[in-house]
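What follows is chain A paired twice: with chain B in the first complex and chain C in the second.
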Partner chain A sequence: MSETPVKVVVDLSKPKGQRESIIELTQAEIDEREVMATEAEAQRLVDEQAKADAEATRQSGLDKLIALGLTEAEALALVGA
Partner chain B sequence: MTMTLIETITVGSGGAASIEFTGIANDLGQDLQVVLSARGSGGTQAAVTFNSDTGSNYSYVRLRGSGSSVLSQSGTTTSIEAGGVVPTSYTADTFSSCSFYVSNYAATAAKSISIETTTENNDTSSFIFMQAAGYSQTAAISSIKLANSSFVEHTTASLYAIS
Partner chain C sequence: MNLIGTLEVGAGGAADIEFINIPQVADGNLLLLMSLRSDEGNTREIITQRVGGAAANGNYLARTDSGAISGGNGTSYIIPASQIDNDIFALTKFLIFDYTSTNNKLAQIENVYVEKVNNNGDSKMYLQNERFYSTSAVTSVKFSGDFVENCTASLYIIS
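Showing the complex of A and B:
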């Protein structure tokens, strides 16, 4: 396996069977790839936070319904288990 | 309508940072469609560019659902984020289902693109994207690049001509 990341290129102007090439990335392409990885990690963190926020909101609503006198089963039936 | 498979790329062992269709003739048909089944280490996005153009010539409006939240997003960017990749943190051996359709790819006018994507995960968090995108340049599309930090082995991309 090559240490340098590669790209798969299919040149449709060539006859079938001769189209595919595996080409090592240039330094500029490697830099672009690293930016993408950084952006992906940032997006993953945003998604995790959104998921945590949604769960916290749900639990807060559940707690308030129980505080109003509903049983936990009744509250869960309203907000979804 | 006739849908003709032009070529399929399958990523081999070791993975690949990008997949590119080049040398696309302008007489394949009226439209192009790319069907992508992908998994990668660079998050959920496959960045799509045409004609090696990384200028701010791409625009989008999209809905993005994650299983716990929905976002409506729009903007102008240097690539279209097709959102068609299952990240490696998701359930092992699962791949995405992504399709994007390029209308009038050879016309001397701006191009419109529609994209549908789902990712697969045995968890409460997964993604679905619905997207309308635009490419503002008027040259015929002769190459399509799909990039991720690293597409894993068995990722496939197929290019179809629609006539």
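Showing the complex of A and C:
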């Protein structure tokens, strides 16, 4: 990466051969990128935690079914493999 | 299916890649095929995506992968970064259905790469469905990351 971040822009309203431009980002664009990256990372963490919580709940349910006397195969058949 | 534009990141890389002034074809679908990799000092980078309409720089999106719903001015997914073997790029397909519609629009992303370090690793695949809460026609698509040289993107209209 160059020191000043750039963007590659393809303007499809222009004739072929004149469409691609390399433009330095404005400070507003740099700020926007940082906000979006922060939001994306936060959302990714929320999603990953939700997946982990769902898996933990599923496993807890399986364990309880097995404790009731079901085989693991029977319990999995009920909750889905 | 008509190829309407291509893009290749040159030496020095790029922070954003963007298609603007996308031709408007009634009932058309947009297909964007990309090969992407990041130079961030990690195994992966979360890149962000923004779809613009005529009246808005970014539109509200919802994401439904793994049943999770989220919203914001954009959405995100993961590409390999500098700690992954040099020859690995994510192969990404991004579809927007009926992109000129004045109804909210649906989109789908399939993103796959091999998370290989020192020639060992597993493939990673991400599937993501989105709904664009915008009644503006899609006129631009932008991805933000730290893209390395030789990343490519090709935009098609399917009608």
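Methods note: the second predicted complex is superposed on the first by the 78 of 81 C-alpha atoms of A that agree within 3 Å, B and C clash if a C-alpha of one lies under 4 Å from a C-alpha of the other, contacts with A are read in each partner's own complex, and residues count from 1 in each chain.
Here is the rule we go by: a contact is a pair of C-beta atoms (placed from the backbone, for glycine too) under 8 Å apart; a residue touches a chain by one contact, two chains touch by 3 or more.
From a predicted model like this one, the values you see are computed outputs, not experimental measurements.
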So, after the overlay on chain A, do chain B and chain C clash or fit? They clash
- Could you say whether A:28 touches chain B, chain C, both of them, or neither, answering first, second, both or neither? neither
| request: Using the superposition on chain A described above, determine whether A:8 touches chain B (first), chain C (second), both, or neither. | output: both
Practice problem: Name the contact category of A:55: first (chain B only), second (chain C only), both, or neither. | Solution: first
Contacts for A:68 in the overlay, against chain B (first) and chain C (second): which applies, first, second, both or neither? neither
Chain A residues contacting chain B in one complex and chain C in the other 1-2, 5-14, 19-20, 22, 25, 29, 33, 36-37, 39-41, 43-44, 47, 50-51
Listed in rising order, chain A residues that touch chain C in their complex are 1-2, 5-14, 19-20, 22, 25, 29, 33, 36-37, 39-41, 43-44, 46-47, 50-51
Note: in the complex, chain C contacts chain A through residues 4-7, 9-10, 12-23, 39, 46-48, 50, 63, 65-66, 68, 70, 72-76, 142, 144, 146, 155
Chain A partner, complex, touching residues on chain B are 6-7, 9, 11-25, 41-45, 47, 66-69, 87, 89, 124-125, 147-150, 159
In the complex, chain A touches chain B at residues 1-2, 5-14, 19-20, 22, 25, 29, 32-34, 36-37, 39-41, 43-44, 47, 50-51, 53-55
